[in-house]
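First chain A sits with chain B, and in the next complex the same chain sits with chain C.
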Partner chain A sequence: MTATLAPSPAPAPSAGRTVRDWVATAVRRGAAVWVIVAVLIVVLSVMRGGAFWSTGNIAALLTSAVVLGLVALGQHTVILSGGIDLSVGSMVTITTLLTAVLIDGYPIRTFPVILGMLALGALLGTINGLLVTKLNMPPFIVTLGMLYLVSGAALWISSTPAGQVTSALTEFAFGKLGPIPLSFVVLALAIAIIWFLLNRTVWGKQVFAVGGDLHSARAAGISTNRVLIWVYVTSGLLAAVAGILLAARSSIGSPTAGDGLELSAITVVVIGGTSLLGGRGTLLGTMGGVALLSLITNSITLLQFPSTITDLIRGVIIIAAVAVFVAKRRR
Partner chain B sequence: MTNTAFRRRGAVRILAASVGFATLIAVAGCSAEREGEGTTAAAEDCINADEAQASYAESWSSVADAFGLTDFEPVEEEVCEVDATVWEAEPKQDDTYRIAFAAQGPNNSWGVLSEEALEYHADELGVDVLYASANGDATTQVDNIEQLTSQDPDAMVVVPMGEGISGQVKAATDAGIPVVLCSGVLPDSAGATSTVTRQYDLLGSAYAEWIASQIGGEGKVAILSGLAGVPTAEYQKAAAEKTFAKYPGIEVVTTQYTEWSPTVAKTVAQNLIASYPDLDAIWSDSGYGSVGVIQAYQEAGKEVPPITGDAINDFIQAAEGTDVKYALSTFPPEMSSTCLDTAVDLLKGEPVLNKVYIDSPSFTNEDGAQYAREDCDGGLLVPSSAPEDLLVSLGICNA
Partner chain C sequence: MAPTIALGAREVTKSFPGVRALENVTFACAPGRVHALLGENGAGKSTLIKILTGDQAPDSGAVIVGDEEMSFGSPRDALAVGVTPVYQELTVLPEMSVLDNVMLGHESARRGVLRLREQREHARRALERVTLGGLDLNTIAGDLSLANQQLVEIARALVSKSNVLILDEPSAVLSGDKLEALHTVVRSIVAEGTAVVYITHLLDEVRDLADDVTILRDGRFVSTGPASEYPMERIVREMVGRQVDSVFPDPADRRDEVVLSVEGVVPRGADCVPVSLELRAGEIVGLAGLVGSGRSRLLKTLAGVRQRGDGRVSVGGRPLRASLGATIGAGVVLVPEERKRDGLVLELPVGQNTTLTALGSISTAGWISGAREAAAYAEERDRLGIRSSSGAQLAKQLSGGNQQKIVIAKWLRVGPRVLLLDEPTRGVDVGAKSEIYRIITELAAQGMAILVASSELPEVIGLSHRVLVFRDGAVVGEVARDPESSEKIMHLALGTES
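Let's look at the complex of A and B:
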């Protein structure tokens, strides 16, 4: 008689491994950062529920996310394609300044100036794209140069706050659709458009392909230069929209309006789990990053943290988020 | 033609027609006149005008006396009393006033002392402070003011980071919250209830007039401003340029930015020594910048030309025992406590001016040494009116 052994069952995954897999999946799909956002909302609801959920505070929170959100959408697209755009902050600055300076309180100029600013954003993006593709220059250097060039031009146009937007633009910036600020509706529309372009069009798939492996994409017949140029045009256009909305909100143009936005935009994209090497990332994650950064700023005021430790808190949360999620993603 | 091509062309036509139609609507709905023109409201009565105007003129005459300026007239400014009955109110919550404070943020020693002086005074007055830091950034401050407004405080004190916050200040006053601008100005359209500050025009032009008197209205001058694009620096520089333009014999040979840093200023000054060895005076808006200038000239073994700046402790100590001619004044951070007083006075219905121009000490090298504080940090603006125990608790001065 021979003893037959029953086939041994596959080893059950350990609880620790399951959690790691779950976290890795959440990071890959961009949902992980939303967990932190949810935790922060719960904490704020418990500690300052009334003040946090007040209509005014929610409107302020949503409005504060608009400019960063628009710029981050462009940065997300560029980083997905394997590049980086350090010039977005300066593009916001120059479009904010020129919107106010050129309109200068004349309602008849509003529409042409808005069109002109969108064209300017697209033009600056095209120049970035052409320099990166045709001259084969590193995106970091090209866009860093563009940052200085455009910032210098803004200071040359006016070294002090200047111009005046029309009351129609200001009313739009302060207007609401029910409880939702109108400017946030613009961000929501932009998110929908970029999501559609990246996930439902051939160009979107090509952006992922170019970011994943430029040479393979080229070998597969993709016109990588055309894809990359459009990526930078998209980023420039979104920065211009952000600049116009910032001018509308401030009612005046400032030569330093967009300073530092490029770093904030890169931060939220990385927090959202997008690979700085390109080819991997989700819009859900990047928008989670925007929500997290806006919530941190909002909570610092709500919870009245001492003034000297606010940057410390901001830095710890950002590093912790990136350390946990990026490390998990690598596994 | 295929059906697809036909449909595509049709879609393009519809899109073009829609864009054209939208353009027409947009342009047709727009006026060719500039907003705000031709609709000037009738001037309101200026309450208690003479007394208010005298307090304004005093801040100019005290600087003129200190710098020995004979022909130094204030720029035109209408100062009135705010109608006290409009903003008088009981606390909205409990029995304590809540004052929102949109601060610059602790990004330099000026910002730290500004905030701490206000908090210290709030404790003395028994009022609560709702704090938000802009970290020196106007865009962040736009968010801060919107968020503070949503908390419905009794009044708000704002250290303006730029004119870009005007819309939010207007929205706050429209919501029934009196806003006191502190250590800065905004256009009248912002509708701030009162402004408490040291005048940029006053400092910029007083320094320039002192230089003109030192060099007899003739010579080569360098302008060392703080940070490009920052209103605090640009407005003072503009006032100086306007003053120098009155003197045909004065040539502004260069304008540079020192980032209010002794290190950057030292490099700038080293270049000045090489490029303009015959410079007659240096207009500087900052004591930090002037410290770097003194170091560069001393290391090069050259005489320091007459120089201006704000009265930081480090500069006075560096100039002590030398022949450096200087004129200094201050933009005191502790004026924030006056801003808080103004906000509380508004709520209590006390008389308040719409523009409170702080008069702080100004002096030259002749009597500067007495203000040096060896027991305090080099960055302290002297003489400081901040409470001594506050300076000690912040580690700025020794006990």
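Let's look at the complex of A and C:
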């Protein structure tokens, strides 16, 4: 039963820090991906400096990062806890669509609908969480089912773009605080909140513990179910915020608005050095992943590559980034 | 007004599929005392601890805390009433910092928001008590040595306000100064009125530390009393306790031909004395020793599963390369300890499991012949007495004993000259045990050389021509086949007699 516990000699601390140690530390802290981001920025500055640094392009770049950034924040939290959330894209879709359809141009409905959408995101997250914890189902399956279920519901509500948001909402989406888009401020706020929750609260420590080793966390007296349910609620809420902002920006709702977002979100989390097994990862890394993906899309436009090449480049980047920056798992 | 029982169990029974782990065990630990819980491997200590700490629920009986009966749904419930365990299997989270690990489960916080300075102060104080005062709190726990991880875990237990501290064999990873430091901590918390349940295999620790002793054997309560009434001889006698059953067939005579010769073998990455031994045709040699004493490691090294660090092995006089393929080719095979993980493909039919090692013999140009597979299985079924509905039954559906026979059958298909068995009857019921003993004895009579590692003393003694006793990776003694030798083996394994 415990035969594997044969005392093994402690790993000897290596004398000088090798390059590999540096890379490992950079990956663990989430700094590695920012190196690539910096390189890409330098390249773009050299090749298309004027166009890249124009206020218009910077604003577009920041705006394009908002939806993915919000969804990635939720995905980051879920993956830290040792799970995965495939349903976030469909949650963005349904909240986008419902925001537009329910507001339908009436300013008075704006506020209640936004609240309703947040509640819907939280509800769907709660269902995910309950299924994962109470029925002990694998998160992959639960959220895959939820993905189809919610996408189906969205198509059932409307199979074509529908509804209309108010001009106030559109103005907010395109509004700016100085050079910074207002929607980006929302993302920045969400990052700050999630960072605080994960690093400065008991719940945050519990998320890391549950993702690191469920049994050990339970042995330490953590009520793991409650921790996990809140993880999925967080993810659902953030997806709803992303959906509302997406509706505001596109002014109508589309039944395919969030397609593929779940995979992009997982991509950026992984590129950021977070372990898919849970328990290890930094927000810095995940946000670096968001920056990288947004930059790639942006650079393809700037460098006038055919937009069809985006996915191809994305695939290469994912495999290359993970291959180079794989942080060795302990033990 | 302190309770008389800080932590106890009343008539606790617990069964796992095929095994009765605990039967009517009663236990009581008083406040302010160190209570040593003793027993052989598999005596039920770990199961009792898991029940006392809410990790598992008893089938019947009750846990008692502070004189009141409790029913724990999870470890959380036990922690809430001040029962804090330090498990033998580490629960340190390797990706988290030392600070977070020490404070896990009892963070200092206001409304869920951590109070960082208080956190660091508490953690620092707890770490100082376990001699890790100089440790950087931000160190990632996984970078620490096993001993220090254990101390971090003990520090975690010290932070919470516990009435009872349970230490499950800390001396398995701690030694020297660190073990001394732990003893100092234990004495100081006991002086404050905390009860300590201490599990150990080192009888010196019992003498130095324990106030009371309880002994378990085969999942049953044997005796309890103040430590002063337990001289070493009594402890060993009561831990071993039973007579060797008569279920063991007498082994046939060994032959003179040396089949396996091992010279100065050291498993790679292990820091231990080289092992040398010789095994003759028809000979059964038992390997005894505590968990972690190096028996399994040696068997895995001989089988080529684990790499050899040093030394030479030869089979029938020909040197053997240290690779799995070469080892099997030379006819040295291992029936592993973890049957379900390493021995079987649980989701495959038993027929396919049986022929997995010798697919060449049942196939032509890569095409497997179903008829030949069935014939091979039928042959082994009759030889070993495997009971399954058919060759198509899935391995996972068989009982432990029949699964073990399949693993043995699988290796017999390659025509081995040396059979290595690691805990061959673990999780096997009594009836199937004696059948496996018969199989082992018959195979030896046919000329196979056999090494058997087992934690069950009667088994190693009853089966073998002679028994080698392991401690800290080295052979510390050899004992002849004699039912009376079990106490001698226990003394050798524990290091209580030179």
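Keep this in mind: the second predicted complex is superposed on the first by the 304 of 331 C-alpha atoms of A that agree within 3 Å, B and C clash if a C-alpha of one lies under 4 Å from a C-alpha of the other, contacts with A are read in each partner's own complex, and residues count from 1 in each chain.
Definition applied: contacts are C-beta pairs under 8 Å (C-beta built on N, C-alpha and C of every residue); 3 or more make two chains touch, one makes a residue touch a chain.
Nothing here was measured: the structure is a model prediction, and the numbers come from that model.
In the superposed model, A:Ser235 makes contact with neither chain B nor chain C. By the touch criterion defined above, A:Thr133 lies against neither chain B nor chain C after alignment on the C-alpha atoms of chain A.
Of the two partner chains placed by the overlay, only chain B lies in contact with A:Thr110; chain C stays clear of it.
Once the two complexes are laid over each other on the shared chain, residue contacts for A:Ser87 go to neither chain B nor chain C. By the touch criterion defined above, A:Ile222 lies against chain C but remains apart from chain B after alignment on the C-alpha atoms of chain A. Of the two partner chains placed by the overlay, only chain B lies in contact with A:Ala51; chain C stays clear of it.
Considering which of chain B and chain C touches more of chain A, the answer is B.
Residue contacts after overlaying the shared chain place A:Arg249 against chain B, while chain C stays out of touching range. The residues of chain A lying in touch with chain C in their complex are 1-3, 5-11, 200-203, 205, 208-209, 212-213, 215-223, 275, 279-280, 330-331.
Within the complex formed with chain A, the chain B residues making contact are 23, 26-27, 29-37, 103, 105-106, 112, 115, 130-133, 135, 137-140, 142-144, 146-152, 162-167, 171, 187, 189, 228-231, 234-235, 238. Taken together, the chain C residues at the contact with chain A in this complex read 42, 46, 55, 74-76, 79-80, 85, 87-89, 91-96, 100, 103-107, 109, 112-114, 116, 142-143, 145-148, 156, 172-173, 269-271, 291-292, 294, 296-297, 337. In the complex of the two chains, the chain A residues touching chain B come out as 51, 54-57, 59-61, 63-64, 67, 104-111, 154-155, 159-161, 164, 166-167, 170, 173-174, 246, 249-252, 254-261, 297-298, 300-302, 304, 307-308, 310-311.
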